[in-house]
Amino acid sequence: MKPVVVRRNNRTDASVCARLAKLGVATTHEAMGRSGLMRPYLRPIYPGAQIAGPAVTVLAQPGDNWMIHVAVEQCQKGDVMVVGVTTENDDGMFGDLLATSLKARGVIALVIDAGVRDVATLTEMKFPVWSKAISAKGTVKATPGSVNVPIVCGGAIVNPGDCIVADDDGICVVPRAQAEAAAKAGEQREANEGDKRAQLASGVLGLDLYKMREPLAKAGLTYVDSLDDLK
Amino acid sequence: MKPVVVRRNNRTDASVCARLAKLGVATTHEAMGRSGLMRPYLRPIYPGAQIAGPAVTVLAQPGDNWMIHVAVEQCQKGDVMVVGVTTENDDGMFGDLLATSLKARGVIALVIDAGVRDVATLTEMKFPVWSKAISAKGTVKATPGSVNVPIVCGGAIVNPGDCIVADDDGICVVPRAQAEAAAKAGEQREANEGDKRAQLASGVLGLDLYKMREPLAKAGLTYVDSLDDLK
Amino acid sequence: MKPVVVRRNNRTDASVCARLAKLGVATTHEAMGRSGLMRPYLRPIYPGAQIAGPAVTVLAQPGDNWMIHVAVEQCQKGDVMVVGVTTENDDGMFGDLLATSLKARGVIALVIDAGVRDVATLTEMKFPVWSKAISAKGTVKATPGSVNVPIVCGGAIVNPGDCIVADDDGICVVPRAQAEAAAKAGEQREANEGDKRAQLASGVLGLDLYKMREPLAKAGLTYVDSLDDLK
Amino acid sequence: MKPVVVRRNNRTDASVCARLAKLGVATTHEAMGRSGLMRPYLRPIYPGAQIAGPAVTVLAQPGDNWMIHVAVEQCQKGDVMVVGVTTENDDGMFGDLLATSLKARGVIALVIDAGVRDVATLTEMKFPVWSKAISAKGTVKATPGSVNVPIVCGGAIVNPGDCIVADDDGICVVPRAQAEAAAKAGEQREANEGDKRAQLASGVLGLDLYKMREPLAKAGLTYVDSLDDLK
Amino acid sequence: MKPVVVRRNNRTDASVCARLAKLGVATTHEAMGRSGLMRPYLRPIYPGAQIAGPAVTVLAQPGDNWMIHVAVEQCQKGDVMVVGVTTENDDGMFGDLLATSLKARGVIALVIDAGVRDVATLTEMKFPVWSKAISAKGTVKATPGSVNVPIVCGGAIVNPGDCIVADDDGICVVPRAQAEAAAKAGEQREANEGDKRAQLASGVLGLDLYKMREPLAKAGLTYVDSLDDLK
Amino acid sequence: MKPVVVRRNNRTDASVCARLAKLGVATTHEAMGRSGLMRPYLRPIYPGAQIAGPAVTVLAQPGDNWMIHVAVEQCQKGDVMVVGVTTENDDGMFGDLLATSLKARGVIALVIDAGVRDVATLTEMKFPVWSKAISAKGTVKATPGSVNVPIVCGGAIVNPGDCIVADDDGICVVPRAQAEAAAKAGEQREANEGDKRAQLASGVLGLDLYKMREPLAKAGLTYVDSLDDLK
């Protein structure tokens, strides 16, 4: 693919992002019909961050962070930078200087299918990062990639402008066109959970609350006092 | 295997569990003759928990947490739920609603050879979980498995009622019949460690404390001033 | 290889180690021309430690920590013990008793290409460890290895006396002969970073600060408003 | 666990093993209700072998093949040796000399949750092995384990005498008490497959053959001409 | 995402696929500007197959091959079935009966980000499969996914109708709109290789053939007789 | 580290290499006191090759095969090229054109801690390669590394001129200074194996041949008829 930077980015609306940030990853992912989740090997460098914002996508080469520098210019306040790599790579493509630059532009988080470094400083700066590895391995600036093209990150397709939701449970990608509906569905789901939680806390069994006994019996589940009773 | 729930569970005695909880995993595992340890890929979702209790075992299907719901009913105060899966799977089979339900029954911990989600909430709830992954991936309720049958979790055989000991070092399975003896052996081991620690802290070498110099020499260990002396 | 303990160890100078400790891993690794880094699977058992000291090297057998006991005697104040294994192994070769012994001799840290246990106690003791795994698996004392021979740990060559620099970003090995030059280069690098950071924080782009626009254009990077413009 | 050799072994009947060998792993595993399968990281060292026989189990220590030597004496004609290890280990615990010894006793195959070596010679000898790795790493004879105790191999529980079925698809464990029933169920399954295969080969769709259209519609599956029709 | 089957599939032209099949994966991937390659963990079940054809895409659930049955009906002569899964899964989703069905429709190959079984029979049938694992683990038919939607397989985005090129080196995805250009660029590349190969075979160095000496010197490469000369 | 090519290479004597090639990896590794083995993730691209020759070492950057081109010029008849990478990388750094070039210089094999491509052609050419992966991923020529410096490949230290022994069991590194002694020790070992093999084939047990019964009893091994006898 010819290396290219796409300037225009149809971002998910900020108010919708804010609603998804509040819902968090698990609820958003369920509200999306259980799609859009990145693989669980991507982990936050420190616990407790919970964010959502439109993606600026970066396709980088292994051991080369040139395109992250290029992508900074394409970012706006509230954006989340998402970096995919053309091949498996754990190198430390991002550190405190790049984080300083992103913060100056109002970028709120980084998701990267590679490594990061300076994690002690990033933690102090409260700049949240979800990454595949922590590695001090330095990178070169030798081969261009692309910015704001569709990429794969953590096994999920990310288009520029998609809403990226991330917290301690991982990262979920919400396509822009589905974001409003996902926020609504998630809020409804959450409204129902309070009552369920109260019932479960009072000792009601999920078996009864969700009416599972009959379908379980139909699926062939048997109750015995001891395994010997099976024979 | 026909899906089955076994109701009867010969639990390890609560007082023995309490003694093993105090000893912790490393000491218990040594007291067992270095057996019973689960593989180290199972990690706690937050540091500092140290527990022991009888196992309620669950055999689940990949991407399907139906049997966890079924198993809740078979749990009692003090139990530890242990979930094995019929194949490798990282999905988020367990979250804050199931934890609420387990807490309502007095279950003290979960060990799961798969993923969990809502880890921020689980941490706030102080419900300790040892898992293979943190993942928001939602699961279905479509295919039954079994409850309270022998399972493999983290590479170890777990029978219902076995005592599960878990802390920051991992998880150890103590068969019910060996639990009393393991507690006794562990307590003796610990009684000896105070003196050893004091001697080592004062600068006595393990080489001398454990009388290793002679067996090392017999095993062929040589001391030289420089590698050139070997030639 | 015949099992051997080499007594003589040409240690990197303590004052140079202190300077490298202050620089940390990422800066030291860059100052070394991006060499000497261990693989990122080695992780600290708790965050926040940042150390540097000369290596006492240990070559251990799988599931056998005999040589760690042997190596204690070869350690001095300020040393870092570095353990390689003859094959992949995650067992808990090191725990609080060995840490007590190392502390008594003034050893400041452990780097081990295997597992450790008693991590809660090690954390309380503030004895920093970088390891491949946390595992309670007990080990035997049956087969000798070697002390103070060249080893591979985390994919890097370590010679006895090399300066080991470790922090939250990982571990870097600085050969003794290059340590002084690395410290100097790192300090210069750091001196430049303050100004860069200030400029980036004020909104200057790395693209301009590092004069990347021309080389990027030469390398074929194109800017478009939309992917459709490419066709 | 105290190291022990159990002499008595209630082996699955040879004629039942022969029937299961003919069925192969996939059919046997289905006939068992989809249980008993070892994890797929265990692979044959050469393609084309298809065997079944009663297990002689070995629990070995990492990097130590002493118990394999001990177990040879407990083997009979038609047996399959199955080796579990107390921790993850890839070392080459088995080679052509041990294979010569096993062949002399009539053992027909080895399944090992570790490494093997001399694979070129083993292939010439037509001694089939399913292993986790191929590795020349030599092992010691220093620490005893056990023979003919219940073990975990490839994530499955194996009891001495269980029938081990293995082919290019992997390995399945059939508990002795279920072997006769599994053989019968597998043979019935296979009898049905001929007709199914003929129908599918003639172009009948599985959708129709297995009557899936109605349950799929109930489960919510929709057909559209283009994704745009969904919106 | 709502489960959906998209009937219309804009397939890459058969004659272009034939040209790409002849070029093979490495040349096609280079002709695409080094993009489109799936991760190397996907491997052929037997060596020697080299194919290309338009993709019918399947999004399956873990441990569930229902949608593969559904997708068969959407296939035509010359197609390649490509299966992605909503989460990591190694189960044996595909075997000889499904292969029989696909062959009956003229499908030429399967690429699956999961496991396959009956590999001995598939090899005899000469039905080529590239998969993540070989596993006999049986799957259920319980939860719908989708057919002919964009998926991720082996880390690459696959749209229905894209040309899938596969051989012993792996798998490359060529978007339909780029297929003609990729074929042309690949053929030119190959035309040049004959002369290069002849020169290299005659002993001409790549250093000279590709005129690398000057850029290497500019990049700082130094030649010395011995490492001591560096100091 | 400054990028450098070292021209001088003190190669292991060809006649000693020939003797080690005949012994193969397992025997050589044992003759070396069980040292020098590379990790088992390095596998041959086709079975049956068995070679030995002096190493020309290459330190490459991730996704960059420039230094392999540079290293060709430093090779002589009988050499084995050994490639380490500064970080984990699976890209296809080597293919049929480079193999043609190496063959023209008389190089007999490649060992690479990364990926290779064109494996079908390499197999036809009978150019043996041991690699970490098979991948068509193309690489750049942007950043220099070094040639004929000490490297780590497959977890083992390789110095230029060391004898590399490789066969279906893996790869062993024999330092030049130890090669003659290793060949002698290996030949003696092999001379003894014929008699052992004959005895084992005749049914003599290793337990008796190696006089293991007494040390096993001392180590605490117990024989029982049934596990119940232990209690």
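Every chain is named by a letter (A, B, C, D, E and F) in the order it is written, and numbering of its residues begins at 1.
Basically, a contact is a pair of C-beta atoms (placed from the backbone, for glycine too) under 8 Å apart; a residue touches a chain by one contact, two chains touch by 3 or more.
Treat the numbers as computed from the prediction; the structure is a model and nothing was measured.
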* **Chains touching both chain D and chain E** => B, F
* Copy pair chain A, chain B: interface residue numbering same or different (half cut) -> different
* Structure fact -> Chain-centre distance (mean CA atoms) for chain C and chain D, in whole Å, is 42
* Asked: If you average the CA atoms of chain B and of chain D, how many Å lie between those two points?
  -> 27
* By residue number and range, which residues of chain C touch two or more other chains? -> 2, 34, 37, 86-88, 90, 135, 137, 143
* Think of each chain as a node with edges to the chains it touches; is that a line, ring, star, complete or other? -> other
* If two chains touch, include that pair; go through all of them. => A-B, A-C, A-E, A-F, B-C, B-D, B-E, C-D, C-F, D-E, D-F, E-F
* Structure fact -> chain A residues touching chain B in their complex are 25-26, 29-30, 34, 37, 40, 43, 47-48, 50, 167-170, 172, 193, 196-197, 200-203, 205-207, 210, 212, 215-216, 219-227, 230
* Mind listing the chain F positions that touch chain C in their complex? => 1-2, 32-35, 37, 39, 86-88, 150, 152, 155-157
* To do: Note which residues of chain B are touching chain A in the complex, please.
  => 2-8, 66, 69-70, 72-73, 90, 92, 95-98, 100-101, 103-105, 115, 117-120, 123, 133-138, 141, 143-144, 149
* Structure fact -> Within their complex, chain A touches chain F through residues 61-64, 86-91, 135, 137, 140, 142-143
